[in-house]
Amino acid sequence: MAAPHLLEVDNIEVVYNRTIQVLRGLSLVVPKGRIVALLGSNGAGKSTLLKAVSNLLAIEDGAVTSGAIRFAGEDIAALAPHTLARRGLFHVMEGRRIFEDLTVEENLTAATFALTGRGASKPSFERVYSYFPRLHERRKGLAGYLSGGEQQMLAIGRALVAEPSLILLDEPSLGLAPKMVEEIFTIIARINADEGVSMLLVEQNATVALAVAHQGYIMETGKLVIEGSVDKLIHDQDVREFYLGFGGGGDARSYRDVKHYKRRKRWLS
Amino acid sequence: MTDWLFLTEVFLAGLGSGALYAVTGVAFVLIYKATRVVNLAIGEILMLGGYAFFGAAAGWHLPAWVALPVAILAGALVGAVVERGLIRPMIGESPISVFMVTIGLGSILAGFVQIVWGADPLRLPEFLPSAPIFIGEAYVAPKVAYGFLAAMVVVTAFVLGLRFSRGGVALKATAADQAAAYSVGIDVPRVFSLSWIVACGVAAGAGVLVGAIGGISPTMGVFGLSVLVVVIVGGLDSMAGALVGGLFIGVVEAFAGTFLGGEYRFLVTFSILILILMIRPYGLFGTHEIERL
Amino acid sequence: MRNWTRRHVLSAGAIAGAGLALGIRPLAAQVADEIVLGGSIPLTGVFAFAGIGIHAGIQDYLKIVNDAGGVEGRKVKYVAEDTGYKVDASVAAFNKITSQEKVSLYYGDSTGFSKTINPELERRGSILMAGASFASELNDPKKYPLQFMAGPDYSEMFGILLRYIANEKAGARLAFVYSDTEFGRDPIVPSEALAKTLGLEVVEKIVTPPGSVDVSTEVLKLRRARPDFTIFHGYVLAPIPEFIAQAKQMGLASRFMGTFWSMDNSTVERMGEAADGFMGVMPYRYYYDTEGESPMLEKIRQMRPEYQSTAYLQGFVTALLMCEAAKRTLAAGKELTGANLKAGLNSIKDFDTGGLFGVPISIPGNSVPIGRIYAFDGKAKQMKPASDWIRLEA
Amino acid sequence: MRIGTLKTSYAADEALFDTRLQKLLILLACAAAVLFPFVASPYWLFLACLCAINVASATGLNILTGYTGLVSLGQAAFMSVGAYTVAVLEIHAGTPFLLNLLVGGLLTALVGIGVGIPSLRVKGLYLAIATIAASVVLHFVFAHWPLTGGMQGLSMPPARLFGMALDQPFQLYWLILPVTGLMVLGAANLFRTRVGRAFIAIRDRDISAEVLGIPLLRYKLMSFAVSSFYAGLAGGLWAYFFRVVTPESFPLVNSIFYLAAIIVGGMGTILGGILGAVFMTMVPELLKFVAGLVTPFYPDALALLAPVRTIVFGSLIVGFLIFEPHGLAEIWRRIRRFFHLWPFRT
Amino acid sequence: MTEAARDVILDVEGVSLAFGGVRALTDVSFSVRRGSITAVIGPNGAGKTSLFNTISGFYRPRSGNIAFDGRSLAGTAPPERARLGLARTFQNIALFRGMTVLDNIKLGRHAHMRTGLLDALVYRGRARREELELRAEIEERIIDFLEIQHIRNAPVATLPYGLRKRVELARALAMRPRLLMLDEPVAGMNREETEDMARFILDVKEEWDVTILMVEHDMGMVMDISDHVVVLNFGQVIAEGGPAAVQADPAVVAAYLGAGDLGRRLSGPEAA
């Protein structure tokens, strides 16, 4: 591999509250300049992975118990979330998490803290407004009054202000109308192309995610099950059936039958 | 009772003590906003400020303009130590546990002050001009007037600073959503530390003013109880609420003390508190929902 | 951490166990004919400034007595416990001391304690008690037969002040400023009545909550009332100086007065500028009073060359009166029971306390209703007599 | 050492004390409690009574705060309601003391329900402050109501049993300890039933409690009622014990004391309330004892007692919250477990 | 009441719900047949949990009506609904962490017990009898059925995720439910655990005679075990019917895929 990987997740395990294991032996990489999609059902541990990468896990009493995560070659274990943001790893959290009591512009100002120590000149929000003209119109208004789509734009806009080399995007399509999803994913693809920012994109909406991604991983209950280029994924029978929603040949056995073979087990024990 | 001059004087005196409530309330709100900690030790930190001033001015014979910064620094130092030593380990615990930690802290500080300076009430060396002040014909005790001015300058600085500075944005962002603040690159632990340091410094400064007017004693922390009423009335997370609540409670106390008698002061303010809790639990200006237990 | 905690608890338990063992030990060995003076003394807490003086005063007097061979040949032993000026702690101390010693005399630290423990005193019938409280309520031999106080009660202090005022300025306007505590409210009602009979007018009564810090509005009230005399009661120091300072700034021409616990020289001195001219009632002579004959004061000055507080004198005088009562009881060949001790005390008539009280005293009831008005002299930094000794007729 | 427990019925498994060792320990404790007054000096009896009163009150607060999760800083004020009721009844009506205690408890329960009404709207800190406000109001009422003797308070005659006055620690011990014992037993029983479980459910997650069929307001008020009933009884015992009740007898600091007691002892365990109250009552005595030991070497030790006591009080709260949030009860549990497995594991 | 109506245990009719102007549910109508397993599916944020919360009584619908067993639930508080036989589990597990498994399960019976405060304090007579009966029933019916004997005295906080879900189910069963609402019963479970849970759900339906209404993301399980599927999108019902029919519904496919150009790139025939 010639291109160095911007992000390497190496065989990590994550445990919440010291008892509940969420991720088991998970590895993935994000090459420079690419969008990597991570797909999987609810509760599979996708958001947990992102929080492990941005070190926000500790806030929720979670911890990486083994394995390593490297960003730009450096182990992130000892780096606080804000330090990571200042080094160019920006996490756009699930549910947008904008500051509702602050104005749009103050939200962007908050993100300038990520530029601390980089000696950047006075930050300008022009770039954000050029991608999202709607935010410019509403820059003096409270962010809480924005629509869901505009809030998602603001969340991504904050990431742009921080000038990161890697953006972690957690479910940007969540709760948005299909048209808005289209619009946002189109811009995501544009940002990637124009700015050369790498992205790790977590989505349930596999279709749109694979439409913008270069490669993807699919995880189930804390483990990766399939990985590869987008091309490979969209031709995979299981992916088509379970994640893209194309009906197809049935599974080996139906859950309706579990009663019978499980029952047997019960008798035996 | 239509002695307008007298009413005006009472009102002004009420504003004077209300301003001290307001400035202490601001310190309280600052900590609450940043860390969601209800700091019941604010009264004791205020007391500590008064004693630190006494120690510097009467013990080391420093002039007042040196002793005041010493007192503020002492408060700030306590704030820093407390935040690192007691509050940081409690992150994630129930708000009530943290609140009890601050009660314990208050007790420790009161004991400490007693060991160092004894249990007797003390007077601070005079450092404010004592020439009587008249607004129109109304008399205002000079200390009260200067206390009011100082308190108002601080409160205004806070309200404006919070609204227009980048630091204000960091504070508000941290208050709104810690994880999100972290994720956009805000050094959340530093915001915590700074808010405690600044707030405790301010409280200590307020302690000097309060001590100048009423003397200092190890039981001075009771002042914190009135401040608690003020911030609940104004809204725990609202600087403007602390300002309005402080002045309001100050004036109400003044009138209650004058027309009902000093023993009614607490009764009246706490009755107002109960009323507010029943009809507007987040206070007049509070924006956030009630914390869940 | 865990280990530490456990070990810590265990060792704390061991210490507690040791304490238990010592506590349960039967009555401590006691020299057969010692007389025991027990004390619930507020060595700490808000009243510590007085408690420490009282403690020293009692000790010093007993030393004098014991050095001189004791009371009728019996030594007096002083056993005290700190109470922090809390009623339950005082009761605990009482129980502890009386369970370990055969106590005949007891010094109590507060009105609340005296009231609480009096039924117990009557039940035991073996102890005569006095204390730091000058509460009017306690000055009732029928209700509190085993109690006395080494001075006038609070109402009598007011009585002395009012008599002085009536002498100085007939029909004077008065203001009472007192704290919203039992101590503060004690003399107010009877004193109002007395003021009326003396032709004085109480124009304002100001109650302040305990621990009040800001008195500006109260001062406004005071200014409005324009009294000739303002009497503070129920405080030690705060908020008296602030009151006086603000009132003076406003140009109020009142004279300011206090009662026993505000009248110590060092307390008044700490009032700063406000101290000048501050007056009040005091049943004893001050430590530095060299006027006339006072062999006891001489002795005190020999023992302790530095200034001793009025609280010290109060403890000293109380111990003196207790020992005198014991002496008279023993001299009469009677047992040291509470009733006998009280009878001994009440037999005191025109008794010279070695000059501590300025005039000979009698104790027909539970108090010594004598006092004198002193005023602070800013230059000498001393309280100087402003009146002769005033004796209230029972 | 103990390897597991075998039980033959659900009743045995639902019993309060499930092992033979536990039963033996309880029996021993009861025997010790009966023998204690005959060997102890009045001072130790005094402390035992004081501990018992504090245990009763702390157990009540534990029901409300430890088990139901409603923080109250009004426990001392509730006690004052019971104490005043008992004093007034004793002075003016002369009714038998058990009746007085009961009336005191019930009246306090009513007051508690009144104070608890805001609990549906406000929680946590706001509720705690509402209880402070209630304390202030109650204090004012007692300090200014002629019936309660104003600032001077009330002095009352001792409790009487068959014409005998209960006025010494020895006699009061036989009144206070059994009442406290019954109260603690009642509290322990409460948490074996649906009522107690409902309290815990409200503490842990009140929304899901509602889905399980628990009416929140009703149970919150019930918790307030039980807790203040306990406080009222404890206050009544206090009144019989000290026989003088003044507005200053139950300051806010005492409410904090009870809260501290259950924190130190262990919130939400019956044992915690007992251990905490006893521990917090004994610590000042212990300090006094230590000060006595130190005095020969350091004469000022006694003068430092009060501030040191204040500091120790605060440090205990802080220390337990930070290092051992489950309190003494948890430490006790660990010691027990240690001996269960001993000598196979240490 | 018609035959068909008697066959319906839960009838949701025209329910709309809004939070400060934001619409969460719009005119949602469907019904649950007695003895069936009905699944509600839909993308994240489609309003499934809001729907559950409305049926539980936490949210008051802006309009519409919910009838349980022919009786309107309007104005009925959540505890009362529980007493009527409406039980549920929560998406993120709402067990009481401080209690043991046994106590958690016992709590489920609360609404059907009668012990009062005084009984409780003395623990004699009714209180004792009721508790012992409950204990026996839980042990013999529920704990045995769900195979959680080994953990019954364990504090819930120490249990792994899968077991907690099972304890929550046990607690719901203790409520004597007639309609059991399960909010994502197998979220985050592996195949093995999912199979166990599926079996329990089927058993509950058949052996306990309880109707089941569930929200679930695991399409495999939903399609296999449910009799009826309701699809929500943006707070509206966009499809309803048997699993096969729903799966084939173009509106459903679109809801999951997004219908724009990006999606078309993949769903076109050339991709297959």
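Brief remarks follow.
We call the chains A, B, C, D and E, going by the order they appear; numbering starts again at 1 in every chain.
Assume a residue touches a chain if its C-beta (ideal position, glycine included) is under 8 Å from a C-beta of that chain, and two chains touch if they have at least 3 such contacts.
In UniProt terms, the chains line up like this: A, E = ABC-type branched-chain amino acid transport system, ATPase component; B = Branched-chain amino acid ABC transporter permease.
A quick note: this is a predicted structure, and the numbers were derived from the prediction, not measured.
Shared contact partners of chain D and chain E do not exist in this assembly. Chain centres were defined as the mean of their Cα atoms; on that basis the chain farthest from chain A turns out to be C.
Separation between the centroids of chain B and chain C, computed from CA atoms only, is 37 Å. Once the centre of each chain is set as its mean CA position, chain B and chain E turn out to be 50 Å apart. Computed centre separation for the pair chain A/chain B is 43 angstrom, with centres defined by C-alpha atoms.
Annotation for chain A: no residues touch two or more other chains. Looking at chain C, one finds that residues 44-45, 48, 180 touch two or more other chains.
For chain B, residues touching at least two other chains, in rising order: 114, 119, 218, 263, 266. A list of each chain pair in contact follows: A-B, A-E, B-C, B-D, C-D, D-E. Across the interface of their complex, chain A is touched by residues 92, 166, 169-170, 172-173, 176-189, 287 of chain B.
The residues of chain B lying in touch with chain D in their complex are 38, 86, 89-90, 93, 95-97, 99-101, 103-115, 119, 218, 225, 228, 232, 263-264, 266-267, 270-271, 273-274, 277-278, 281, 290-293.
Chain A contributes residues 54, 56, 59-61, 80-82, 85-86, 90-93, 97-102, 106-107, 109-116, 158, 162 to its touches with chain B in the complex.
On the side of chain C, the complex with chain D involves touching residues 1-2, 5-6, 9, 12, 15-16, 19-20, 22-24, 26-27, 43-45, 48, 52, 81-82, 84, 87-89, 91-92, 95-96, 98-100, 112, 115-116, 118-120, 123, 137, 180-182, 184-185.
Across the interface of their complex, chain A is touched by residues 43-45, 147, 157-161, 184, 187-190, 194-196, 198-199, 202-203, 217-221, 224-225, 234, 247-248, 253-254, 256-263, 265-267, 271-272 of chain E.
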